[in-house]
Amino acid sequence: MQNTISFRKKARARWGVIFVIPTCVVLFVFVFYPICYTLVLSLNEYNFAYDMHMKFVGLKNFVDMFKDIQFLTALKNTLQFTLFMFVILVVLSLSLALLLFNKKRRSWLYRVSIFMPIVVPASLICILFSFMLADNFGIVNKFLVSIGLSGWSHNWLTDAKTARVWVIIVSVWGKVGFCTILFLSGLQNISQDMFEAAEIDGAVGWKKLIHIMIPNLTETFVVVGIWAILQCLKLFVTPNVLTKGGPANATLVMYQNIYNTAFNYFDMGYAAAQAFVLTALVMIFSLLNMKLSKGEN
Amino acid sequence: MKKVLVLLLVLLIASFTVFAAGAGEAQTGGKKTITIGAESWEINKIFLEHAAQEFMAAHPDVTVEIVTIADQTKLSNYILDWGKGSTDVDLVFLDGGIFSAEYAAKGLIYDFEKDLHFFDDFPKSNFTAGSLETGLRDGAQMCLPAIYEVYGISINKAMFKEAGLVDAEGNPLPIKTWDDFVEFAEKLTKKDKNGTITQVGGSIQFGNNLNTILGAALYSQFGNVYAADGITFNVDNDFTRNMIRAWQKGIQSGALSQSTFVDNAGGRNGFKAGQIAMCYEAAGRWMEAVATIGTENLALIPIPGDFGGTICFGCQMVIPKASKNPELVCQFIKEAVYGEYSQTNAFTTYGKMSVIQKHFDAALEATPMWKGIADAMSKAKPMITYEESQKWLEGLDQIFQSGLVSTTTTPDDMVKQILDLSASIRK
Amino acid sequence: MARKQKLSFSIFVSAVLIVVSVLFLFPIFFCIFTSFKESAEIIRDITFIPHKWSSVNYDYVFARGAKYLRYYLNTIIITASSVAITLVLSALSGYAFARLHFRGSKFLLASILFLLAFPLCAILIPIYMMEYELRLLNSYLGIILPNLLCILPFSIFIMRGAFIDMSDELEDSAEIDGCSVPQTFFNIMLPLAQNALIIVLVSGFYNVWGEYTISKTLASKDSIMPISVALTLLKSEDWNYGVLAAAITLSIIPPIVVFAVFQDKLVEGMSAGAIKG
């Protein structure tokens, strides 16, 4: 018996390797060179527009980063955005998923309207958002004036505080639909028996449902968590199009700083070094999220 | 689900087999082909399709293809491409010419004068004042301008009348200094009973064109943007401090719009919408507002300053050394891009000024509005493109966007910040 | 009493959902309406619903749009291929990571997380250089591969999550019945993961459909350019908001059609999963 189990284990392990080989070929063969190249770049000074050759500088790029006010601002903003966006994304999408799950009939229309924003190309719709929020001719201010709240009209995107808020609102608008889908599918996976059992126990309200649902959503939390962390830390399109990082760097985020360093300043080495720092951040948060989600169980 | 999977797989296989050949180049036997890369607005506003048709009609053995460039970051690909000696474009239109500095630094593009002898049969005297200089890179003609633009202040004359800022004949009163500009802006600003601003006096493009905004203001005052070293902005003087003080006052009182801080088009759109009275940007802005405001309500005035000139900048053309037919491309430039149709229509329809003097004169007769800044245009001069121009631009952005709204930052501080920034970048 | 409470609760839920839906749809309807307005109305009158419906923006798009069929076709080829490959690969490796433990699987999973975390823009130029050497620029494969890089790692996590949640008993009994690992996977486990497959499909579709940065860098020829890049070619010096709105409206029609078609499946698949699970 012991033998068959270990034999089965071995067979399964062998099949496991066979199953992942195609993925590894597609992913790692393709990025192996670019990632290695970027790693080398991060240890060099290389302005690819002017310099003919790279200059090896060791860890200088990584050290310089923490003296660079622009980078530190971007880091601070990124962490701030992540904190707010992550909480809003998870709470809002979970509540929406619970509402939709609870409301089986006629939910079609609500589903469509909540999922619709993920269909819209973000880079283009943000241009339209900046138009809607413009101080002189934006429809938001016009609406406020027309309902008699002209005192509330505001230079939404040129005031650092409100610009930050709107970057978060627009990002959440575009992303919450997918999170909701993930939660919904997690909810659907919970077996019907459990709900029935709970109902026999007299659980009608939210509290009991949540007591059954949340513990059964562990894997969903892992997946949603990773996705939300990625979206938050790698936030780029919304601030880039809506405010271009402004006013005065108030909405500059790390991804955008990397993009600018690479494509506007052509400072490839420095951009590569920053990219690794961002990657490390994402990985730390993702692993933390996995540990926490597992711990809840 | 299985059916969907199978369907997708079939589509996948079909796509590879059917379209694998699609990526291959179509061969044009015997015919010479030149390919032109330009952004979509350049194709439209310089009438490049028409130019290509004209050229092909005159030279039946040549095919002219036009490729649209999606956006400016695409141009950095050419650095890699041309560095390896290959290219899929023979002529590239650059929006503003920042990229030409990089191409020139790596020796990837032809010098029109020394390498291609462009001016042997097309003398420099054909060009308008200042326009050819926009294509100079360290004194060498690395680029040629296709069209050029100048800076000026577009104003809404109807609003000036309403605010009483006109003389007896109904012409807008002249603006001689930046203090005047802000004073006018304050008079042109309207608020409703709650104190909400409903009409803004003026807009200055404090977005990523600050380099030119500041440069044009300095040039219009001193007749030179740069200090004695010939490359640093001449900002360490009372004129600049006064100007910054005036701008600060305007921004903080709401008489100057802040919308250009985050949206470069905020000023021109507000002007178009009839919400902003004065718009200090590229001078062609008034043309965009004709449809909404009407020609009779518009005017163009020069930038305040003792010297009274303006900055010009061109949409530049470069020929990569990897191109196989540089002579043919030069011929295309001379006959088609510099032809009457493209040059006059770009000017009269879109305000993109002709670089060829005879077409310029003809077009100026057709659009009298430009005469408002004719004197300034005759003294137009281009600026120097710094090597690290992008860092310079973004640094300026930050200094002005945080300084102008701040009550604690003095004009002195801002001048110091500008000089520090200038010292820190590669020029 | 209980029924009354239930009713008022139901009304509350509906009210919340209606408000949320309106907020979510507002920008999209604003966009669609704007695409039917003339410039003066957009920028001067600032209306929501157009006073005068006009097709001027669409005329502008279609006057330049002789090649648009080609662009749509390119997008469809790129999207379909990427999504198909992703479905197959993510199901296989997700299953392996979840249930077939092999030495090094933890490390591999961590490497995939690394790929997920790495900002794509930092390797865009090396990718360009590599594709240049391999003659992959301006080819479908050259765009599909980096797109896979974007969607495959996360899809693996989705599939892994779906397989991990399943009970061991099914698998065990199948194997006792003499099914080999691939047989168990294809006949028993995969059908149960339908739900997750649909999510992978939908998310993959939307991500690749709207993808811009990669395609802009790696595709410069009309024969290969997808619609997301092609639409930005309509930009003049600055966007004319009407034209922009028309471009957005045109680009969201196909995904909306897909959504409408799969809406049934989406709900059905999910509830099917709920019953079986």
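Residue numbering begins at 1 within each chain, and the chains themselves are lettered A, B and C in the order written.
Note that in this section contacts are C-beta pairs under 8 Å (C-beta built on N, C-alpha and C of every residue); 3 or more make two chains touch, one makes a residue touch a chain.
The shown structure was predicted, so the numbers you read here are calculated from the model rather than taken from an experiment.
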Practice prompt. Would you identify the chain whose Cα-based centre sits farthest away from the centre of chain C?
Written response: B
Fill in: Interface ranked first by C-beta contact pairs
A-C
Worksheet item: Just curious, how far off is chain C from chain B if you go by their C-alpha centres, in Å?
Response: 37
Worksheet item: When the C-alpha atoms of chain A and chain C are each averaged to a single point, how far apart are the two points in Å?
Response: 15
Response to the item:
Residues of chain B that touch at least two other chains are 73, 76, 80, 269, 273
Fill in: Touching two or more other chains - residues of chain C
43-44, 85, 88, 125, 129, 232, 239
Worksheet item: Taking each residue of chain A in turn, which ones touch at least two of the other chains?
Response: 48, 131, 137, 263
Fill in: List of chain B residues in touch with chain A within their complex
73, 76, 79-80, 102, 105-106, 192, 194-196, 200, 207-208, 257-259, 261-263, 266, 269-270, 273, 275-276, 387-388, 390-391, 394, 397-398, 401-402, 405, 426
Fill in: Complex contacts: residues of chain A adjacent to chain B
48-50, 52, 130-131, 134-137, 145, 150-151, 153, 155, 157-158, 163, 242-244, 246-249, 260, 263-266
Worksheet item: What part of chain C is in contact with chain A in the complex they form?
Response: 2, 6, 10, 13-14, 16-18, 20-22, 24-25, 27-28, 30-31, 34, 43-44, 46, 48, 85, 88-90, 92-93, 95-97, 99-103, 105, 108, 111-119, 121-127, 129-130, 145-146, 148-149, 152-154, 156-158, 161-162, 164-165, 175, 181-182, 185, 195-196, 199, 202-203, 206, 210, 212, 228, 231-232, 239, 241, 244-245, 247-248, 251-252, 255-256, 259, 263, 267, 270-271, 273-275, 277
Discussion item. Which stretch or stretches of chain C touch chain B in the complex?
Written reply: 39-40, 43-44, 77, 80-81, 83-85, 87-88, 125, 128-129, 132, 138-141, 191, 194, 197-198, 201, 216-217, 220-224, 229, 232-239, 269
Discussion item. List the residues on chain A that touch chain C in their complex, please.
Written reply: 8-9, 11-17, 19-20, 22-24, 26-28, 30-31, 33-35, 37-38, 41, 48, 96, 99-100, 102-103, 108-125, 127-129, 131-132, 137-139, 142, 173, 177-178, 181-182, 184-185, 188-192, 204, 219-220, 222-223, 226-227, 230, 234, 236, 255, 258-259, 262-263, 268, 271-272, 274-275, 278-279, 282-283, 286-287
